[in-house]
Amino acid sequence: MIETSDAKRVEIIIESPMEQRLTDALNAAGVTGYTVLPVLGGSGRSGRWSREGQVSRAGGMVAVICIIREELLEDLLDAAFKVVKRHIGVVSVTDCQILRIERF
Amino acid sequence: MLDTILGLAAANLLSPLILFFVLGLVASLLRSDLSIPEAAAKAMSIYLLFAIGYKGGVSVSDHGVDGGLVLTLVAGLLLSFILPVVAFGLLKVMTGLSRVDAAAVAGHYGSISIVTFVAATSVLQSQGIATEGYMVAVAAGMEAPAILSALWLATRGQTSDQGTEGGFWREIFLNGSIVLLIGSFVIGLITGPKGLADIESFIVSPFKGVLCLFLLDMGLVAGRGLRTSGNILRPGLVLFGVVMPLVGSVFGFVVAVLLGLSPGGAMLLMTLSASASYIAVPAAMRVALPEANPSIYLTLSLGITFPFNLTIGIPLYLTMATAWGG
Amino acid sequence: MLDTILGLAAANLLSPLILFFVLGLVASLLRSDLSIPEAAAKAMSIYLLFAIGYKGGVSVSDHGVDGGLVLTLVAGLLLSFILPVVAFGLLKVMTGLSRVDAAAVAGHYGSISIVTFVAATSVLQSQGIATEGYMVAVAAGMEAPAILSALWLATRGQTSDQGTEGGFWREIFLNGSIVLLIGSFVIGLITGPKGLADIESFIVSPFKGVLCLFLLDMGLVAGRGLRTSGNILRPGLVLFGVVMPLVGSVFGFVVAVLLGLSPGGAMLLMTLSASASYIAVPAAMRVALPEANPSIYLTLSLGITFPFNLTIGIPLYLTMATAWGG
Amino acid sequence: MIETSDAKRVEIIIESPMEQRLTDALNAAGVTGYTVLPVLGGSGRSGRWSREGQVSRAGGMVAVICIIREELLEDLLDAAFKVVKRHIGVVSVTDCQILRIERF
Amino acid sequence: MIETSDAKRVEIIIESPMEQRLTDALNAAGVTGYTVLPVLGGSGRSGRWSREGQVSRAGGMVAVICIIREELLEDLLDAAFKVVKRHIGVVSVTDCQILRIERF
Amino acid sequence: MLDTILGLAAANLLSPLILFFVLGLVASLLRSDLSIPEAAAKAMSIYLLFAIGYKGGVSVSDHGVDGGLVLTLVAGLLLSFILPVVAFGLLKVMTGLSRVDAAAVAGHYGSISIVTFVAATSVLQSQGIATEGYMVAVAAGMEAPAILSALWLATRGQTSDQGTEGGFWREIFLNGSIVLLIGSFVIGLITGPKGLADIESFIVSPFKGVLCLFLLDMGLVAGRGLRTSGNILRPGLVLFGVVMPLVGSVFGFVVAVLLGLSPGGAMLLMTLSASASYIAVPAAMRVALPEANPSIYLTLSLGITFPFNLTIGIPLYLTMATAWGG
């Protein structure tokens, strides 16, 4: 059977204007990769919004998914937190198994 | 005098442009699911910037570049720097906004709304009033400086700790709409009327129709904003959203007179000063002043000032400019 | 008579409009990856609604509003209410569909396909046949009522427990295409020929070309549907997909005669009655009748009835209308 | 180190026409926020579909992600289930850790 | 209360040109369904990319989410691995609970 | 002779088309966030394929189909098969690429870039030089065969184990752009000038304007590629990116002479042979040769060869073709 290895899946939902800063921070924290997903809309303490309601880049958000070796988690969370702390957004971490750990 | 204003306003209010904006506004206030795909809206705004920048460049290449361009550009930059300070003062008097919120709002009023500018040019055109082609370059120039003033107003004394590193200023001064507007302007300047002839039937004839659809979308967005965040608009804020454009237009008027712009050019500079940004500045504020509440500046700029300029402001500025001009 | 139909049908079949639809159909049946971005398709449908609504309004403002508008509108609403009952009866006879599935399908045939309507108007135009401008308002009016009939047919006796609360009816009657069609119609009515002159080169000249691209996309979508769900189409269903438009067109014809519509108007009312919805109604059915299988009504409406109307139906209805008219 | 708190990540894949009803139900169930992701296509018992194959709003789906305190899970699932029960769609729940629990 | 059942959530990030091949393989492996999410951009050993930088279908990626009964996991991973092994992309597996297990 | 080239090149360099490409290139090298939504870019490329295919078909229906079409098509297929072998040889000599990378790159140069082709036609048009309408069919024909050569070059001896099953070849030969180009061509052939009249103001008048915006996007994409992967471009590779189009154009020239094409036709065949794919081939390579590094072939084709052909190549090929032709 294919062997899998334990890892962490970090999902960060953040405002589009901060995307570049976040991914730079992630790279600085030593992650080997990440994936950015589009977001259609959402709701939170700062209210409800939807992609179609945006004239401005300001409004939108993106979801950044980053799968990492467990030992990297703390550095990543520190880096991510520095970027999001003054901003709206959500950070969640899930345990996962991955194939091809050597790639991470 | 007054009846000319009213006449113009009436004519303006019954133009397809305004009516489609109203349609969008009504549709979203009624919670219709009518919506323009984001990609289509972005494509239309690219088309408008492309067309207006290019036509401006061509008309300059026609009449030749004169000192007016440089002077007016500098004047525009100064207006963009100064108007936020004026707006900030008014906000402190008229509203109870926190300093950060007030600074963020003020920044929007120093910068410009390109769609308002486009609507103004199309009114001038249907009135057959000529204007300095380089006003589009001035429009581009006025987008960003207000952001510096806003940050200074927000962080006087202590310096903001984050977001405003090198990358930030590149984002501001090389943001897509500035680059496309200036770029198309320069290309129009280089290729001149001969180049225009090639692409005229793309950027001239369909222009007004595209603008109608774009204003429909603006109406939908403005309506959505009013519906979801209208409650934020305390009377003081609403009043500010109507008074500030008038104040701004007066600044623009005075500067135009000092520069000796044509009536058309004066009207456009007034419109630029009166209009409030809802693209470049909000994005910058989210990065550099995340504590400022976006619902306030977006709703105010899109839900109050934009419709005001579109319906009442533009004919008013036109009357003032022509009254003085002729 | 017959040869006129055939002649028209042939001419129609060899028009760019149909050929691009066929291209799309063939491409997706061959599993080519050709596809139109969703945003572009949506933008084109917005353009078509905008243009056709506006032009309708202008032509009414030209000829003045008469009682005909109101009468025809009422007649259209009634047709939209009644046709689902007819369709439901036919389905019970011709197919073994469950009541819920039959009711959902029936609803589609009471409502209308705006693209079929647009194709019909462009045929009339190339034939130089005038028509009542208010037919677009009638088209908008006929979109929704059929949904009520469908729900009634599905839930006779017991009342559906979910989905059809207040919000539901707002969604139905304020759905994007109705609002845009009516809104553009009214704006055309207000601004009249003067307004049209402003945006003519956007909404008139490129119209047919956009329609070609849109029909290409319709062909791609219809083909995809036939490929993935074609197996659902039992002979009885396919037959219904061809018979029902004919039955509908007869209803439309009779009503048009009673109303004394022009041949052009009669042909459009026949087309509306003959066409089946694939936008407003499917969405409503997913909310209110989720048990109904969407593959059935979508494949039938898009894969059978739409192509039938486009190719054979339209010339046929035109011949009938003109034969009677003149 | 940054401290994280246990929470639940609920992912609901549902037809677009039901999105509004679902999010209303979530709000009613007391969630503090959610995020809506676009869906390109998929396959299930009701067959295969793809975004590009849709003329109609009817066809598409969206993924609604809702991160909540564990104690809210039951109410959320009840609320979500009421909306999806007659409809196609999928509901899954994952354990996760989040930053800034005070925001939830 | 609504009862949930244990299942696995498999997330596969893969190049768009391989999407069809992957989903065919998943169907062959007996999955009852999957959902495809668009991807805006990302970064990995093969560098950074973004949707807007693509003229060509070649560049983009998609995220395929597949929720399955635990006993199906091995077959699925075998099938998925055959498709991705020569390609760039990431496969991760998370434990989850689902409603309506009978649908899977 | 030389001064004609230079004259043409200069005129070409100062055309809006090139200047907007340069604008895009500069904007993304400066890391501006200017970008065209993916859906809009895809819609524009669909528009260009639709318009150019259709116009080609119409012009053939005008002048009637002759043996030239078939002969030139066959010649094009052969060029597409052979050029990758030539490119592969050059790469082995000029660069240190692995066999797989070299084969993948070679495949791109056997296939074609439709935008380069479109730019060439619009240059011919503004020069008032006629050409064989069926060249668009030849362009479509040349897209895919090079992929076979590339796979053969990569896997000589051992056979690739995966990806190239039946489905693969259907993807290649029925890829969207081939189907749309051929389909529109055939429809143009069937409907002829009468059909063109219907949609002229959609596919003819705005054509050049759309092409400007599309080239703006190409510039943005090319610039992004150069910024992120420019380091990959060793001198040998860059040289190849400039030499190979020249070599290809000579092949095209010889074939054109043998076929006795018109100067316009010859220039287009040279352009096709000189241009490198960045749509069909990269996708095919990702599936069948995933080990080949995409940054190499995309950066080379988009960042070096495309700009070279657009700026210097096209006027050069035109001069050669006309010099011989007249």
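Letters A, B, C, D, E and F mark the chains as written, and numbering starts fresh at 1 in each.
Throughout what follows, contacts are C-beta pairs under 8 Å (C-beta built on N, C-alpha and C of every residue); 3 or more make two chains touch, one makes a residue touch a chain.
Quick caveat, the model's predicted, so the values are computed rather than measured.
Participant: What chains, if any, are shared contacts of subunit A and subunit E?
Facilitator: Both subunit A and subunit E are touched by D, going by the contact rule given at the top.
Participant: Would you mind telling me which chain pair, C-F or C-D, is linked by more contacting C-beta pairs?
Facilitator: More contacting C-beta pairs are found at C-F.
Participant: So, comparing C-alpha centroids, which chain is the farthest one from subunit F?
Facilitator: Most distant chain from subunit F: D.
Participant: Subunit C and subunit B are one sequence twice: same or different residues at the contact, by the over-half rule?
Facilitator: Different residues, largely: of all residue numbers at this interface, under half are found in both copies.
Participant: With chain centres taken as the means of their Cα atoms, state the distance from subunit D to subunit F in Å.
Facilitator: Centre-to-centre distance between subunit D and subunit F: 45 Å.
Participant: How many angstrom lie between the centres of subunit D and subunit E, each centre taken as the mean Cα position?
Facilitator: The computed centroid separation for subunit D versus subunit E comes out at 18 Å.
Participant: At what distance in angstrom does the C-alpha mean of subunit B lie from that of subunit A?
Facilitator: It comes to 34 Å between the two C-alpha centres.
Participant: Taking the mean of the C-alpha atoms as each chain's centre, how many Å separate subunit C from subunit E?
Facilitator: 39
Participant: Got the subunit C residues that touch at least 2 other chains?
Facilitator: 33, 35-40, 43, 201, 205-206
Participant: Quick check on subunit D: which residues sit in contact with 2+ other chains?
Facilitator: Within subunit D, the residues that touch at least two other chains are 37-38, 50, 57, 94-95.
Participant: What are all the chain pairs that meet the touch criterion?
Facilitator: A-B, A-D, A-E, B-C, B-F, C-D, C-F, D-E, E-F
Participant: Residues of subunit B touching subunit C in their complex?
Facilitator: Contacts found on subunit B: 14-16, 19-20, 23, 26-27, 30-40, 43, 126, 201, 205-210, 212-213, 216.
Participant: Help me check something: in the complex, which residues belonging to subunit A touch subunit D?
Facilitator: Per the touch definition, subunit A meets subunit D at residues 11, 13, 37-45, 50, 61, 63, 74, 77-78, 81, 84, 90-95.
Participant: Sort out for me which residues of subunit E touch subunit D in the complex.
Facilitator: The contact residues of subunit E facing subunit D are 1-2, 4, 7, 9, 23, 27, 32-38, 62, 65, 67, 94-100, 103.
Participant: Help me check something: in the complex, which residues belonging to subunit B touch subunit A?
Facilitator: Against subunit A, the touching part of subunit B is residues 35-38, 41, 162-163, 167, 217-218, 220-221, 224-225, 228-229, 278-279, 282-283, 285-287, 290-291, 293-295, 298, 302.
Participant: Going by the contact rule set out above, which residues of subunit A touch subunit B in the complex?
Facilitator: Residues in contact with subunit B: 15, 17-18, 20-21, 46-59, 86-88.
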